[in-house]
Amino acid sequence: MQLGVIGLGRMGGNIVRRLMRAGHECVVYDRDPKPGQALAADGATVAADLKDMVAKLKAPRAIWVMLPAGKITEGTLAELAGLVGAGDVLIDGGNAFWKDDVRRGKELAAKGIHYMDVGTSGGVHGLERGYCLMIGGAKEAFDRLEPIFKVLAPGKGEVEPTRHREGRNPTSEQGYLHCGPTGSGHFVKMVHNGIEYGMMQAFAEGFDLLRNASAKEGLPADYGFDFDVAEIAEVWRRGSVVTSWLLDLTAEALAADEELSAYTGNVSDSGEGRWTVDAAVETATPAEVLTSALFARFRSRVDHTFGEKILSAMRAGFGGHVEPKKQG
Amino acid sequence: MQLGVIGLGRMGGNIVRRLMRAGHECVVYDRDPKPGQALAADGATVAADLKDMVAKLKAPRAIWVMLPAGKITEGTLAELAGLVGAGDVLIDGGNAFWKDDVRRGKELAAKGIHYMDVGTSGGVHGLERGYCLMIGGAKEAFDRLEPIFKVLAPGKGEVEPTRHREGRNPTSEQGYLHCGPTGSGHFVKMVHNGIEYGMMQAFAEGFDLLRNASAKEGLPADYGFDFDVAEIAEVWRRGSVVTSWLLDLTAEALAADEELSAYTGNVSDSGEGRWTVDAAVETATPAEVLTSALFARFRSRVDHTFGEKILSAMRAGFGGHVEPKKQG
Amino acid sequence: MQLGVIGLGRMGGNIVRRLMRAGHECVVYDRDPKPGQALAADGATVAADLKDMVAKLKAPRAIWVMLPAGKITEGTLAELAGLVGAGDVLIDGGNAFWKDDVRRGKELAAKGIHYMDVGTSGGVHGLERGYCLMIGGAKEAFDRLEPIFKVLAPGKGEVEPTRHREGRNPTSEQGYLHCGPTGSGHFVKMVHNGIEYGMMQAFAEGFDLLRNASAKEGLPADYGFDFDVAEIAEVWRRGSVVTSWLLDLTAEALAADEELSAYTGNVSDSGEGRWTVDAAVETATPAEVLTSALFARFRSRVDHTFGEKILSAMRAGFGGHVEPKKQG
Amino acid sequence: MQLGVIGLGRMGGNIVRRLMRAGHECVVYDRDPKPGQALAADGATVAADLKDMVAKLKAPRAIWVMLPAGKITEGTLAELAGLVGAGDVLIDGGNAFWKDDVRRGKELAAKGIHYMDVGTSGGVHGLERGYCLMIGGAKEAFDRLEPIFKVLAPGKGEVEPTRHREGRNPTSEQGYLHCGPTGSGHFVKMVHNGIEYGMMQAFAEGFDLLRNASAKEGLPADYGFDFDVAEIAEVWRRGSVVTSWLLDLTAEALAADEELSAYTGNVSDSGEGRWTVDAAVETATPAEVLTSALFARFRSRVDHTFGEKILSAMRAGFGGHVEPKKQG
């Protein structure tokens, strides 16, 4: 079937490629003309602008927006809302805030336009592996676009089937799921990323501990290890309880350089980790681990917090403890 | 080659089976005669007691003790120390505390006996999948027993090879690793379990959040989801960043009963989670996530902490806040 | 001077009393006629409704709203906005969300009305001790109402003066502070409450530890204490580093009943703890302790989280661990 | 009465002074002769070494050791054990690990020597304010030395009496308490310090949040504050819920320099914070806040953890996210 795709970066471009490989027809657009030209060579139809894209698609249309969350997505969807008609479907495949989806869904529904929020996981490997799709919006729109979702998803592949699933929703096993009404797709993707933060931090702390236990001095008796963290990551990939894609990636990075010396240790965070904490607070969910994982990233990006100086000042105040002071 | 195995429970019994399938010869012993009889039917030689086991093994002997950590393992190893001779190898494959290994290693080395601590991961699936082995002790003893380790480990299997590993230690890819001197095997296994705790808690919090977001009342506007957590677990198994064995197990449990109604929610912890926190404290490693995961289990096992009553009492004191009181 | 006060509950009523004791004139209103009658006996003028209150006050008026945060405050302020005139001052002394203040301040400023947000700490003891006031809004309005703030605040009292304060803002020592523009008063109050949560949780965990260390069984060797927590709280009130009002309140509660048996352990939370976490996330502040304190209250209010069952299910899956199951 | 005091640093010296002011007789010793000479001028008897001290004291003797925890205290007590006789009392007033007390207490009891562990809080202000004393050991020894404890403790002072204490232990109100058998004094002091860590971290995070909310850029709309944290600390000292000695000290430090520019932000930790976490683990007490406070100090002392680089490496692996790299 036919799909418009707006935003041809790493994710958007590969989505187009994966769809075209499966025989779907794509009309594409990006501010930057280059990625469109490359895709045209593979068979995509390039639109000159949003209006042109809408013109090039047959009704009922479906347009997938794959842009950075925030103002750019917001503006693009607003412009599209004025161009498409009742019965058309607009899809946000980016990492939007789910409450923005709920608001947009209502605004578009008032015009008879369907809105779908599709959480898309798979990163740079998605072209080959497929994308895990968490989909929110009207069931009717989901059903209409299912051929698209089916192709983008990884499919059953060689993953071992889960027992006890007789009679259950067959799409989950293919890697795509209609999660519920508008907002639910990005909500589930947000929780996915929250869990991802927590898992990453668990590995980070574990490897940190192995390194610190290998210190040459300052440790209690009985220490004195000299762990090869690259080999430990590798051995855990076989038969251990922590086997996971994140471990695979860690093993690869450590195999390339077990000092990871190319990284400063300043760790970015995206909106999804933050929204997860907000949702935990709103739903009274004790989410210690997911929150700690976010805070560890905050802490990684400053030399010192002001709070740490407060601690030293108190220690000097009650105990006369002299913390190391700045020289100068 | 020949191996003595003491302790024929779930883990020990399967280790014997996996070794015999590969042609190794096992002399086995357990207090309870039944599991030994079953293994004898498969070709194992059953020893009447520890002394008999030592007699039935040719020097230099190797004896693998697979018993619950603590007094039983301690007593068994002490008795064996009086029976075996210089050049023999004693192996603790259980979940021992690594500092106990260091102590035992020194005591046995004084008698010329090798001691190896082998962290063994794989649980109930190890017979088929193999065991991930984290091994501490003298290199000489490791080399001598490598044929045993090789067979117990999962091997390369169908796991995708890690890039950039050219020239690295080939055993890690097979699922077994000589981690360093005595104590290092159980130390690495301990950190593995600490990471496992953190990953588990990340999933626990994420699914908890999905459930709480599905509540019918008491939530802010925009909520109103009705998530099918069994389907969400399944869809994440395909192409998402959180793919992992722990997710596979979660998906299976939720497929069988998405309410998990058979479980009370009281969660046990083993020594390894605790020792990980102790090691983090000793090495000044900020291990928020690993520690929170342990504390969440502590909290799960009491109705209320005394601390919670302290909080209510303070609130009543400064604000006249009336917390719900006990009726009686 | 003259002040209108709306909301005559515990806080509002005592504010009126403290003002009248100092010679100020109060016009009061509450939906419930009873508290107003009681205050009338002490000299307050009772208004029949908001319109009547506005009529009874001379311009430029000042009206202090002391109602529960949320819809009631919102509605009252909206109604007042239609009754008062340019140059009048509306004050929210409740625990409002600071972003609501920012919004309201803009709306009222458009009509020439001043809006002040006053974080008010002191609880049930404020009538005698005075209230700590954290004040946001235009400097001009602050200056006009300073006689009111001065009387409500505790004053210097017998608190030991802070060294190095020569030349600093003299109002802080009196217990009231103009914190900045609209919203800043409630922001500072919010952070105050966040810190309060953290301090309370620190005491809660400490006393919990003392109790658990007094258990008769299940502990490692060397334990075997039988701590009298009421006496420990009392001794810490003299000369220790943790001396604080919260400790005083804890000591009092434990002296009355060291089992705190009247409390169930279900601990409520108010908006301010939640907004503190939201603000930490928005400002990228690693606020582990403030957040853990909030999550501990969430956890206190459920028998078990769904997450805990997830943990047990995983443990059964990989290790065959049998967690205690529900009987039934 | 007569007391020997070993270790004449900040704490030990002031203890001697406070005792002599109250008419007690002190025999003192320190490796460094200077502090002893200063105390001799105030009336102390200086001993040439431990043997001389024992000779100068009348039996039954009482000797207070006030040295850094660890080897020095251990060695001094061991030497004293060989010099004193049955019925004498040895006191460790330092910050010892409570399990060391339990061990020492047993060793000394075998020789008929009493051992007392006295947790001593009060810091550099103790000479004037008195010391909060948490005392472990035999009741008989406590009773004999009570005149000493009474003088060292702050006494009732001007602290408001706690209600509901009729008929309770009168010493707590004086600031000293017999907590139980050997080890209990240092255990209670350890928990005190754990709570202290948590309270300090609560303030640290709160002030950090106020500072971050004052940032000139990078914040969401509605921010734009410019908080004067020194004034906020001061205003909270009057009537707020967070009034405490730690707040007083913070206010003083911020009044002197609201940038706290003399401090690097590297925060030390002592054994007591660590032992608190160990005790929480041993007693299955969920102590999130006390532990986070310790971990925040660990984190403050390194530029970056290895774990943070692991996080960046994973992000690059699954998402192609380019974290800021080191230039070089």
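Think of it as A, B, C and D in the order they're written, each chain with its own count starting at 1.
The rule is short, and it goes like this: a contact is a pair of C-beta atoms (placed from the backbone, for glycine too) under 8 Å apart; a residue touches a chain by one contact, two chains touch by 3 or more.
Treat the numbers as computed from the prediction; the structure is a model and nothing was measured.
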Longest centre-to-centre distance from chain D, chain (CA-based): A
Classification of the chain B:chain C interface as same or different, half of numbers criterion: same
Whole-Å gap between the CA centroids of chain B and chain D: 38
Intercentroid distance (Cα basis), chain D paired with chain A, Å: 46
Inter-chain centre distance, chain A versus chain B - centres from mean C-alpha coordinates, in Å: 31
Multi-partner residues of chain D (at least 2 other chains): 123, 201, 203, 205, 208, 212, 241, 245-246, 252, 280, 282, 284-288, 292, 295-296, 299, 305, 318
Of chain A, residues touching chain B in the complex: 98-99, 102, 121-123, 126, 129-134, 153-160, 162-165, 168-169, 171-177, 179-181, 183-184, 187-188, 191-199, 201-203, 205-206, 208-210, 212-213, 215, 219-220, 222-228, 230-232, 234-248, 251-252, 255-256, 276, 279-280, 282-290, 292-293, 295-296
Chain C - residues contacting chain B, complex: 10, 123-125, 200-201, 203-205, 207-208, 211-212, 245-246, 249-250, 252-254, 260-268, 288, 296-297, 299-300, 303-321, 323-326
Residues of chain A that touch chain C when the two form their complex: 241, 269, 274, 277-278, 280-282, 284-288, 291-292, 294-296, 298-299, 301, 305, 318
